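Beneath this line is the structure, given in structure tokens, with notes to follow.
A, B, C, D, E and F are the chain letters, set down in written order, and residue numbers restart from 1 in every chain.
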């Protein structure tokens, strides 16, 4: 995959560094992922994306580990190589064990299978699921 | 969406009824979803699919609610109308509240967004994510 | 799903009717699917799409039934409701039995599952698959 | 793509070796793909996945070659690099010629195109496709 | 598709009404789409999503019509029925003619086709595309 | 990704060279992308695909740059690494600036997000979008 131009901390503008600092403080780390360094080519995109991610990934009704595992589930379903690598690492950092990973993958695989069985067999939605 | 031929309990063969009974016993319910009634047109598919789902969805390192929410996350990502309806209902039955649902959807939405930013910006996988 | 404006035979221009006639002659039928009537709103799209489909679906190294089943496999994977309905019908017309359908669906489901296991487990491509 | 930890035959537990032996015997080969060696990190996943694949890929109403080509069709649609490589090789081993491959790819490409035309033009499902 | 609980203007809280007012003012309309009324069940999601959409869809280097057509392209690719309907309407409101729509759909269809040909034929990225 | 067999100009048949010549003349370049060289393994696929791409990408109601950006939008949504690389380059050649790219990516990301919110919240299509 092509190597994108990454905006390293020492090259970055004040605006971009402010976001990098917030990422590192929030995630309690001393490095910034390539993802952020790549989208930093457009400071508006960096700012807005981090703002949303920060808000969405804050533990709430769902804890951090659950949120990270959902992120992995989506990334695997979409076959995003970068995202699978980075979010699997984040999930492990949040406490995902090998057993949790194996069960997560099993559910993701099965869901991708039954999603197609449901559409292929043209299953009509049950009445009781229709009213909310 | 076309209505598929559903194999109702009273029409079903002994083999199919055995699976229906196991589904209802395992899920502690007195009904069988249209999904199972549809794939029951092929008893082998019904048996094997239920066997896998039963095994995979048994609480383990991940509890039942987490597994159901992952199932919703995948179904939403894949835009499977039937699956979103049925698994959202299953997740609520397993304890998903409105707040959990909102946070789950927020993560699913954001992950689908950043998956594309990562590929569009052609981000190279960080070295530290490459070695496992 | 919204009802699109369909160009019926008696409303159609000479150019569009020519395509409709060729579809009916090639497929040995006296009706034209809604799909063709919908894209006929742009005669260029209708002409080019039918030209490609006609060429691609002509029996060759693969017979008509195999080609129709592949079409169903893709449509199911993509969750296209219209396409699943129309191509399943076409496959049955080409000779697909209930057993074939069940096996086709089983493969489609399993492939969608193992595709995600492969990416989630970040499996490196075997050396022997790399050289062609 | 990150290199996953692969469980080689000589490192494997008795349980895992039993599955490897069955894979090699069934496929009449003396090697095990990286896919199996990767998911072998979770023996339950390995066992269940192989059990399903073995059952589903056994020739029946559809022969082995047709099943492998359907597997390729799905893998290509989902853009799974590992799966495309390994299943294309399996299809060739099952008898897929260059002509078959070209026709398979043409159908897969066209189906992915018309799936989108159908949804973009918001085509309503024909009455005759609705009743099964 | 199941009807979701929509939060109508007269039922809405002050916070939600403020967002509805901003949507209507920005889009110069006197109604709010079902999409906003549905996600309004979680005011945080409504606020954040509208904030991002408003910022991203503001004309800039790309004009409003181009942005709406890109939105349609993605929605069609993802087979999102709701989104195709609503964004096609928005694109027409922004100036999309029948000819533009036909050309947009042709590109979307072709791109979905060649994306699969590229992965199925396992094409290596040209050297000159690798360096940015 | 595996390196495919590419048919270089000097190895190519007269039929294939004719297509290569047309590609280079139409695109005003002295090279042919790996994509064309790969599908050239099947001259029928090469001819038909180029014919369609040439027709579809000709400026019309939409100009060349808009068409290339739509192509990028689809390729990013589908996570096609080859296509993202080659079409981003084509878009830049057609006049896409860094600002346009950033805005394009922002819309693609947002659309992929709201597509899932719409399906996850099971939003019913507004009446006014249903009639065309």
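Simple rule for what comes next: a residue touches a chain if its C-beta (ideal position, glycine included) is under 8 Å from a C-beta of that chain, and two chains touch if they have at least 3 such contacts.
Computed from a predicted structure; not experimentally measured.
Between chain A and chain D, the least number of touching-chain steps is 1. Distance between Cα centroids is largest for the pairing of chain E with D. Although chain B and chain C carry the same sequence, what matters here is overlap: shared residue numbers make up under half of all numbers found at their interface.
Pairs C-F and C-E differ in how many C-beta pairs touch across them, and the larger number is found at C-F. Note: centroid distance chain D to chain F, computed from Cα atoms, is 27 Å. Remark: chain B and chain F have CA centroids separated by 33 Å (rounded to whole angstrom). Centroid to centroid, with C-alpha atoms defining each point, chain A and chain B lie 20 Å apart.
Residues of chain C in contact with at least two other chains: 1-4, 41, 44-45, 48-49, 52, 56, 77-81, 85, 88, 99, 102, 105-106, 108-110, 112-115, 117, 119, 121-122, 125, 129-130, 132.
Taken as a contact graph, the chains are fully connected, with every chain touching every other chain.
Listed in rising order, the residues of chain A touching chain E in the complex are 1-5, 44, 48, 52, 55-56, 125, 129-132. Residue ranges of chain C in contact with chain D, taken from their complex: 1-4, 33-35, 38-39, 41, 45, 49, 52-53, 56-57, 60-62, 66-67, 69-71, 73-75, 77-78, 80-83, 85-89, 97, 99-100, 102-104, 106-108, 110-115, 117-119, 121-126, 128-130. Here chain C touches chain B in the complex through residues 79, 81, 85, 98-99, 102, 105-106, 109, 122, going by the rule given at the top.
Residues 1-2, 41-42, 44-45, 48-49, 78-80, 132 of chain E are the ones touching chain B in the complex.
Residues 72, 76-77, 79, 81, 84-85, 88, 105, 108-110, 112-117, 119-122 of chain B are the ones touching chain F in the complex.
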